[in-house]
Amino acid sequence: MNAMTNRKVSALAQEAGAQFVGDPEKAVAGAAPFESAGPEDITLAESPKYLKELDKTGAGAVIVPESFKDFEKYAGAERPCLLRAKNPRAVWARIMQVLYPTRHPTWGANDSMIHTGKNFRCGKDPNIGPYCVIGDDVTIGDRAVIYPLVSIGDGCVLGDDVVVYPNVTIGWGTRIGNRSVIHAGTVIGKDGFGFAPDGEKWEKIPQTGIVQIDDDVEIGALNTIDRATFGKTRIGSGVKTDNQVQIAHNVTVGENSLLVAKVGVAGSTRIGKNVIMAARSGASQHVVIGDGAVIGPTAGVAKDVPAGAVLSGAPAYDHRRWLRVQRIIPELPELKKKIDQLEKMLEKMSKKEL
Amino acid sequence: MNAMTNRKVSALAQEAGAQFVGDPEKAVAGAAPFESAGPEDITLAESPKYLKELDKTGAGAVIVPESFKDFEKYAGAERPCLLRAKNPRAVWARIMQVLYPTRHPTWGANDSMIHTGKNFRCGKDPNIGPYCVIGDDVTIGDRAVIYPLVSIGDGCVLGDDVVVYPNVTIGWGTRIGNRSVIHAGTVIGKDGFGFAPDGEKWEKIPQTGIVQIDDDVEIGALNTIDRATFGKTRIGSGVKTDNQVQIAHNVTVGENSLLVAKVGVAGSTRIGKNVIMAARSGASQHVVIGDGAVIGPTAGVAKDVPAGAVLSGAPAYDHRRWLRVQRIIPELPELKKKIDQLEKMLEKMSKKEL
Amino acid sequence: MNAMTNRKVSALAQEAGAQFVGDPEKAVAGAAPFESAGPEDITLAESPKYLKELDKTGAGAVIVPESFKDFEKYAGAERPCLLRAKNPRAVWARIMQVLYPTRHPTWGANDSMIHTGKNFRCGKDPNIGPYCVIGDDVTIGDRAVIYPLVSIGDGCVLGDDVVVYPNVTIGWGTRIGNRSVIHAGTVIGKDGFGFAPDGEKWEKIPQTGIVQIDDDVEIGALNTIDRATFGKTRIGSGVKTDNQVQIAHNVTVGENSLLVAKVGVAGSTRIGKNVIMAARSGASQHVVIGDGAVIGPTAGVAKDVPAGAVLSGAPAYDHRRWLRVQRIIPELPELKKKIDQLEKMLEKMSKKEL
């Protein structure tokens, strides 16, 4: 992807909330990693390693952390412009958003290539790809982008500036907030997995609830988010999920939580705000995970987690303890041998005593 | 989802196979959880906690277990109607099925919006959504519902009352029994993962078999069920799978087994009847899992499992032993310290002896 | 699937690179497993068990390993023809490829049922299924097969003889080499999962790179392969992935590596050539896995792996050590009891001494 146009670095700094030093007229055309950035690029130097090499970089502008002391020395035109911020990575993200705005194809909304049901309410500037199927009583907000081959069930309500990528299935009654993004192949609002054992067979428990996704959410590709048995499965605003995440019926995910690839969350579990569930981790049903908790990769949460806890392991427990345990586990054969030796020594000694 | 219409509780009880006590004319309009049920709702009280609060519920009718002794006392009109059954949850499921019958959009079968191959045989009351692609020599039973954007390969045979949700891919030769349901995005009948190493490279082993899914099966969203190398990958009648389940070539899943979210089953493994594989568990290839076995969450079955066994861990072993092991594992640092202390004590003592 | 036509076994042996003994005119119509092969079938006998039963087989021809000593005795017409090779399974695969060539439906490229953007360049003998959506500036090679319901983004380049199965989503700028196969429902070129924390919220880091898949790759169903932040996510030639594999942004997978079902690889990790990652295994971000390494089922690679290493466990370590550890773990309760007994004995002894 090429950046759209050249931008003055001093203006970018101001927009992104960073301090600026250097040539106020300096412009960049794009962003690049530290090692390969050229004079037309802005780059990011967070680590001490990169900060030491600031003079060697070919980059036209560099974002540095607040802790970088030599900031003022970079006023000269022979050196790169610097942008300094408390959170340099967030500044980097915001500047990249300006340099590389998301662009979507323009389909308009060609009635001959989409299928809409009764009572379709569509906002301003619709952009709906070919071969989309939209059910009855669907509402889609202004400037929403629906990529091709998407199925939207009856009674769904999608907000303004929503983006839905190809081959997504959205079941009846789903609500999606403003600016939320659903990546390709994801299935939202499928029946929750509810079956009652009846001797040999399983009786299906109808799933009467819906899925509600709030504002500014980004759902990864090939996620499954099931509808509630009653009420709502709820994804709070600002939540981001990676690919192949599974969220069962009646789960709540609090605001700004992050679910990394292949996470699975079982039914009725409540995940707090600003929680991070690392890749391949999971949580059992009816568990409460407190705000700000961090669940390590492959961990399995089997009981309630206090706010701010950092857990690893399956079943999961305190991460620092888990680290100590992991150092011991590969040494279990030696530990067992030592125990056997101690036992023999003791036996020998106790015989002597007799 | 709103229930379709009011129903007499006494009639619901009879249909669902439960004893009834209370006003025979009492009707309900829906079902709701115990805490929020109102006078127009039926609810379920399985736990002692809820049973103690029966008099406080606002519900119009309550399903209780056989063990509930005060059943007859609820004949009065001032109290909720009661339904009593050996398996209250199955009764609850059956009554919810009556109150909330599955409703599908009605597309008919508009030839201008679907693509069918040669020799398409379609039963009574077809209901095929827009932009479906159906291959040659396909047979679909009576009242089958094919949602939009489904691809069905050559020679497939789908039974009566089958439901296939959007964006499903069904490969050539697949057979699906009566009343079976395939949820969105699932891929059935893809080539099994068969490659022979030939020095550096991999030679593909053609997969010539099919997938057969029997009656009353429900396959979750984004499942993958691969075709056999020879013969069949077979999903027995009454099997229910959750989302993101992977079933490799030549696997057999016995009747009424339950595969919870993210389960993976490797090639040629045979799963018995009424087996439960909990979320995120898996089984190696060429393994036999006996009838009624239960595999715990995240467990990994690496060898044959006797009927009725309950296993946890990866590799999996007896669940009760696993529970004891899991209590010890986080204490390994203390255990190691104790061993070191014992060793030092012993050394000291043996030196004294000398 | 029925084989296309009868084939002379002697000719098949020559094509596949195997020694032949028996009736040079003998022909087979198909392939079958050892137990069920008939006189019209060729089969494979690799294990000593099957080799002992060679005289009992009903198969018309049998592929045997180089170690089989009685090869020459099978010249007589009353016995099956034999094919002998260093790598009998690869010969088996090559012969099955001849007997069961992949057949695809023929759609041609019906403009009224597909949607193509500007500047579409399509090679010889196009075969594009109904309801495909192809963006601007897309190039597709000779004899490529695009199944129905596929979405291909702007600027993609697909090579000759590529096969893309239904419901696949290919994002803008993706490059796919010659003869590569993408199975159903897979999502290629979705944005990498990049977000920068900014206090409470997450800022999206635009993903400007692409996915490049080289020649002779086979990608399983419901895979996710994310585009790079900068540069390329790269899948080397000859790589084969099973179903539900996740490959994050900026990952490199070396030539002829094998990723079995449900593998997850985190961002910027570099997987060497001829690596095998077994089912449900994973790798952390920024890890390097050396050529020829083997990662066991459910293992989690958390640091660099030397070439040729065989690892298991999460976090992963040497597989042989892991095997020894796994024998001890279920015995931890007994080990703990023994330690407690030793402690008591020691206490008793030290009291006596006093």
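Order of writing sets the chain letters: A, B and C. Residues in each chain are counted from 1.
As a convention for this text, a residue touches a chain if its C-beta (ideal position, glycine included) is under 8 Å from a C-beta of that chain, and two chains touch if they have at least 3 such contacts.
Predicted, not measured: the structure shown is a model, and the values here were computed from it.
Where chain A touches chain C, under half of the residue numbers in use are shared by the two copies, so each contributes mostly different positions.
Overlaying chain A onto chain B using CA atoms gives a rotation of 120 degrees, to the nearest 5. Chain geometry summary: the mean Cα position of chain A and that of chain C are 27 Å apart. The multi-chain contact residues of chain C, meaning those touching 2 or more other chains, are 131, 149, 167, 185, 222, 244, 262, 329, 339, 342, 346, 349. Only residues 115, 117, 131, 133, 135-136, 149, 151, 153-154, 167-169, 171-173, 185-187, 190-191, 193-206, 208-209, 222, 224, 226, 230, 244, 246, 248, 262, 264, 266, 282, 284, 300, 302, 313-315, 317-318, 321-322, 324-325, 328-329, 335, 338-339, 342, 345-346, 349, 352 of chain A touch chain B when the two sit together in their complex. Within the complex, the chain A residues that touch chain C are 1, 31-33, 36, 87, 89-90, 92-94, 96-97, 99-102, 105, 113, 129-131, 147-149, 165-167, 183-185, 216, 218, 220-222, 238, 240, 242-244, 255-256, 258, 260-262, 273-274, 279-280, 297-298, 326, 329-330, 332-333, 336, 339, 342-343, 346, 349-350, 353.
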